[in-house]
Structure formats: structure tokens, C-alpha cells
Amino acid sequence: MKLGILVNEGPYTHQASDSAYHFTKAALEKGHEIFRVFFYNDGVNNGTRLTVPPQDDRNLQKAWSELADKHKLDLVVCIAAAQRRGILDQDEAKRHGKNVDNIAPGFRISGLGQLVETAMIAERLVVFGD
Amino acid sequence: MKLGILVNEGPYTHQASDSAYHFTKAALEKGHEIFRVFFYNDGVNNGTRLTVPPQDDRNLQKAWSELADKHKLDLVVCIAAAQRRGILDQDEAKRHGKNVDNIAPGFRISGLGQLVETAMIAERLVVFGD
Amino acid sequence: MADVKPPEIASNIKKKLMYVNRKAPYGTIYALESLEVVLISAAFEQDVSLAFLDDGVYQLMKGQNTSGIGMKNFSPTFKALGDYEIKKLYVEKESLDERGLKPDDLMEISYEDEDEGFAKKPSVRIVNRSELTQIMAQQDVLLNF
Amino acid sequence: MADVKPPEIASNIKKKLMYVNRKAPYGTIYALESLEVVLISAAFEQDVSLAFLDDGVYQLMKGQNTSGIGMKNFSPTFKALGDYEIKKLYVEKESLDERGLKPDDLMEISYEDEDEGFAKKPSVRIVNRSELTQIMAQQDVLLNF
Amino acid sequence: MSTLHTVNKSPFERSAFISALNHLGPGDALLMIEDGVVGARKASAFAGLLEKTAKNFSVYVLGPDLAARGMAEKDVIQGARLVDYGGFVDLVTEHDRTQAWL
Amino acid sequence: MSTLHTVNKSPFERSAFISALNHLGPGDALLMIEDGVVGARKASAFAGLLEKTAKNFSVYVLGPDLAARGMAEKDVIQGARLVDYGGFVDLVTEHDRTQAWL
């Protein structure tokens, strides 16, 4: 089945990102298709490559990036939510006069329309948040 | 009176940062001393200079930076919490092999001991969170 | 909203999308960011509705004045939803009652009915819990914020 | 913990600091990050105590096994608090009762009493709500997470 | 046409759990995840309500989240069934839609 | 020796409000801020409890937060007093400690 995932909280502070990750992995293992994982609200904070979690803890950004690489997942960070939280790719950084970007590999920044599209095309949408 | 402020949530997602800012400003206007504003948990996200809030919205990072500049405020971002959330200064970025930093002007990264010290030295500690 | 682009690949899909709002405005950003998705979804010509229950009913309060907290008052946007062809705002009666609120405490939100000479009609419908449960059960997708 | 440095300027200050824990572990990070402050504060030789009430009591549950959720099980750290001279963990009885929990469901946490030949003594004290209210009222600082 | 309702918050902390219960329709299922699993505990203040719910609706608890909070199958109310993440996926696909009570 | 208790969450959403009320001691004050202000509404399910509380403790509501949610002094229970941010600061300094029921 074609599934869509919405992640509304950032990593570590709430379990939502962990739950979404484990759910996505389990769905892929069962042979389902993940149409898209959309990161909204604080969920966009999953997409910064600057996190340095403790050595004995999981690294959620890496986990997402590796899962995306392995399964050709589409990880989309909402552009408006990302601007509020300081998540930028190269284009966004340039557009807003910032000297650096911080987007992680495997994530792309795009519009909220991509969430509506996910709701339209995926056969089920599963929401993880606070 | 000597006051300490603890901010446990990031800007925009929760009102905690706004409340802490308005409280701090009001305390300064009344002639109180702010010993330190300590940013913990997601509160560290107040300290990234990469946010680009909508034009018609407040810019909390700028508001803090300007208040700090005007009143010589000590704005401290917890190092451990910042690592988990991807907030780095130049030293931290270098130490962890990251090619960029994102700390905002007026904020400094330091240890949790600075929070305990605030609790010890400030006559009142006011906590803002979720 | 420069990034709105109706998807060409999905132009023949029309789903019933309901945005479920259960949180008060301003204390957290969920109400505002939910409304931002609602506005975007209008461009996709879906069958969109909004549910307000629990503390979500506070989003529709009349006379919101945010000047004292330095945040943007986004409540006028709800009044513009009719222009986006979003006409179905369901408010749960039990949620109002519990909070000591009456329908009169909420903003008047209306749309113009093309089929009846652009007559103004109310967008807000007060429904009871069992009605709302049934309406939710008719949706294709529930988006919760 | 490389950043712990007791402040020289304040070495003569000894305050009663209480960490108030009201949230369940793992669902949010507050329990873990609260514990991180507790450990740091030990280095400052303050009069530290911890309160567990409401969902905070779940932080002390026996037999926590996080292997299935891929998160670090930090509950063993509570058992080490005695080594940091942190010996006062207050658990609210009413919070346990409401949740169907008994003192036996919680981890055994103890410290060695120097004054009594390093005898093992329990660090956890079950107190009722009015006792906890009184203990809170004796603190200099309450840190809530 | 049925809905899978997920609850990720403790009923002792938030009203989301009760709100979810109040909006279950015929054929719906309830899945407790994250901090929500504590609501399934036997002999808790919510146990009676959940047991009653379990007579009319399917009630599931995410096992890995339960274990993290120091509980096991023997600790939860009668009528609640444990699932793992794979079971969570199955529940999503078996119901027509998912409603997350955040 | 008294405590200022701040509550920033709606009593309809979270138990923090009730928990704060259950832990008030002699001379303590309660200040409702952010989403917490909705708990001060007249004729709500919590009005009776708060009115009773206001007989034994000082109860304050942060005015700017109340206005943001479309309410004014006339909408809150008898016995609750409105303060602004400056008044919030005064309450903090007038009490010996602050307890935030997050």
C-alpha cells in the first residue's frame, strides 16, 4: 500500500520522530511504498546536519538520511516551517542573505503543497506529533 | 532584585520564549538585574541566527540579541542541549567536524553548570516552558 | 504562498480532507501552521473541511487582540476562508459548553453561495459530538494539529 | 560532563534546590535532561532533592527496557545518584495510587550513610500530597521540567 | 469504513485520550503509543473506562513503548492486545483512515 | 515564605492546572499565563473550582494573554485579578520562590 508520513516534532525532544522512523522502517520491511515523509512544525529540525547527539544515543538525522538513501525515500522539509526554525539549503540561504546552510543529506526543502499532495496520493496518511 | 530566567522551549512553536522575553524586558524596565537567561531543552533554538520568520511576524532571535546588546545580558545556550539540536558556535563546529556554525550574536554556548550557578546566585528563578 | 503549485499528476483526484484543530491559538503554533496548510490545500481543489473541538474552539473567538503579546493576530484569516472556497467549519457543541462559551462568542464566518446569487451563508456549523464523529468517519484523510 | 566547574565566586552559597519531575520518560526528553542538570548540580555541593509526581513517577519504574524503541535506557542513572550525594527522592503517593502503581513497582534506590558505617539506606521516600506541598515550600529554588 | 485512532499522550497528563474515546465510531480501533501506553495499566484511574471501551472497540498497545516504561502484557487491562511496529503498520492498512489525537 | 505558582496550560487540555491547585500552600498565589488563561473563564467547567480557590489564595491572570484569546476582565471568574508583564515581575519578587507547572 502507498503510505504518507507526517512528522510534526523535532528529534529528541519528543518521541514523534522516533516513532515515525520505526513505523516507516517497519512499513518498508513489509513491502509497502512510502510516498513521502513530510516534516512540518518543529519536525523540520530533523533535517539539520549540525546535530551532535551523545555517542551512546541514536542519531536520528543520520538514521533518516540512511533510510532515504537505501529506499530512495522522499524526505521533504516544509519551506515556511523551516524558515521559522532556521533550516536552510543552499538556495534558501542565498535567498535570505545567510552565509551558511545546514540541510542534511537526503532531505529537500519544498512547499506545503507537497503535504497536500501526500494527503491526496497516499492511500493512508499517518501523523506523528506532540 | 537579581533574577534568573530559564527558557525550555524553542521560539515560535511554544509561547514560552515570547513570555520569557516580555518578562525579562519588563523586569529590566522596573530596574531589576537579570543575572542570566539560560536556554535549555529546545530553548537552545532561540540561539540560531538562521531563522527567517515571516516579514509580518516578530523575530525572536533578533529581539533577544538586541535586548542583550542594550542591557549587557548574559544569554547562555546549554552546550549539551545545543549539540542534540544542532546549535553550534565556531569552536563547537570545529570540535565536531562540522563546516559551519549558526550561533546568533549575543548568545554564548556554555555548560549546564551555568544553570545551577544561576539557581544559586539569582534571588528568584523564573522558568518558562511547555 | 509563492510555493503553491497544484500537482499536475494528481489533477483528477478529489479527496475529502479534514483539518482537525484541538489546540488553543498563540500558546503553541499548531493553530497557525494548521491554517497555513488549509490555505494551501484550497489551491488543490479538494473537498476541505475544518473541525474545531476541545481547545481548538478558542481559535475562532471573537475580538482576539494580540498587541500585548507581540504576536500576529491570525484570526482574521478564518474570515477569508470563504474566498478560498472553504465553507465547512464544524465546531463541537460539547467543547463550547465545557468552556462556558456560546456560539455568539465566536467570529461570524461566511461565504457567498454562487448558486443562490452570491447570498452570504454561514460557514460555521455547531454540531454535537456524535454528529462530528460521523462527519469524521466520512473523511478520506484526517490531518491533526 | 567535561564542562562542570563549580563556581568559585559562589562557593559559600548553599541553597535548597528541588528538581520537580512531572513527565513520563521517553515520550519527551524532559525527564532525561532534568536528570542531566541534577548530576551537574551535585558538583556544586547544594542541598539537592528531587520530586516525582503526576506522570513523573513513571521515571522510576522498575524494569524499563528501551531496546524496542531504540532509545537509551537512562533509568540506571537514578541508582547512581547516591554516589553523587543526592539522597532525597520524594515520590507522591497520590500520583502512584491514581496510576495503579505500588512502591514495589519502583526501582530500589539507595545511598551509603557515612555516619552509620556506610549502611545502605533508601533514597526514595513516599510522601503524601500535603507532605510534598510542605517540602516544596521549604525550598529556595524549584526547577520544573 | 473504520478509523484507527492513535493516542500518544498519557490520560493522566492530557485530555487527548478521553477525547479520542469520545469520538470512536462503529468498527473503530484505538492504538496507544508513546506515553499513551500508561493509560492501559490495570487498576489505574482510567482502567475501568478503558475496559468498557475494549468491550465495544479493538484496543491495542504498542509493546515496545510499554516495555520502555517498565510494563508488560500482564500489567495491562483485559481486552487490550499488544502489537509491535509491524502490527502498527498492519492496523494502519486494515483501517480506512488514521486519526492521531495529538 | 510563600510561592508564586504559574500555570501556562489550559485545564481542559492538561492536568497541570489541577496539580498546581492541589499543591498550593498558605499564602501562595496562582498566576495563569499563556493558554492557562482560558481556565479563568466564567461559567466554564473549572469556574467553580477556581472560584473556591480564589477564596483562599490570590488568583491572577495575565491580561495580554487573556486579550489574545478574545477575553476581557468581564469574562473571568470573580476574585481573579488581571496583571500585565510588569505585574508578573512584581508577583515574582513579592513571593519567595516561583513554581512553574509546565
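Which chain is which? They are A, B, C, D, E and F, in the order written, and residues in each are numbered from 1.
Operating definition for what follows: contacts are C-beta pairs under 8 Å (C-beta built on N, C-alpha and C of every residue); 3 or more make two chains touch, one makes a residue touch a chain.
Not measured: the values here are computed from a predicted model.
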Report summary line: Note: chains that touch subunit A and subunit E both are C, D
Requested in this report: Going by C-alpha centroids, which chain is farthest from subunit D? Tell me that one.
Outcome: C
Report summary line: Residue numbers at the subunit A-subunit B contact, same meaning over half shared and different meaning under half, come out as same
Query raised in the report: Which chain's centre, taken as the mean of its Cα atoms, is farthest from the centre of subunit F?
Result: A
Query raised in the report: If you average the CA atoms of subunit C and of subunit F, how many Å lie between those two points?
Result: 29
Query raised in the report: So, what's the distance in Å between the C-alpha centres of subunit F and subunit B?
Result: 26
Requested in this report: Would you pick out the residues of subunit D that each touch at least 2 other chains?
Outcome: 26-30, 54, 69, 71, 141-142, 144-145
**Report entry** Of all residues in subunit A, the ones touching two or more other chains
**Finding:** 8, 12-13, 15, 22, 41, 80, 125, 127, 129-130
Requested in this report: Can you tell me which residues of subunit F touch two or more of the remaining chains?
Outcome: 8, 12-13, 15-16, 34-35, 64, 84, 97-98, 100, 102
Requested in this report: If two chains touch, include that pair; go through all of them.
Outcome: A-B, A-C, A-D, A-E, B-C, B-D, B-F, C-E, C-F, D-E, D-F, E-F
Query raised in the report: In the complex of these two chains, what residues of subunit B are touching subunit A?
Result: 10-13, 41-42, 45, 48-54, 80, 83-88, 92-93, 96, 98, 100-102
Query raised in the report: subunit C touches which residues of subunit F in the complex?
Result: 8-10, 12-13, 34-35, 38, 41-45, 47, 63-65, 67-72, 84
Query - Residue ranges of subunit E touching subunit F (in the complex, touch as defined) - result: 12-16
**Report entry** Residues of subunit C touching subunit A in the complex
**Finding:** 3-7, 9-10, 13, 15, 17, 29-30, 33, 36-37, 40-41, 43-44, 46, 141-145
Query - List of subunit A residues in touch with subunit E within their complex - result: 1, 3, 8, 15-16, 19, 22-23, 25-27, 29-30, 32, 124-130
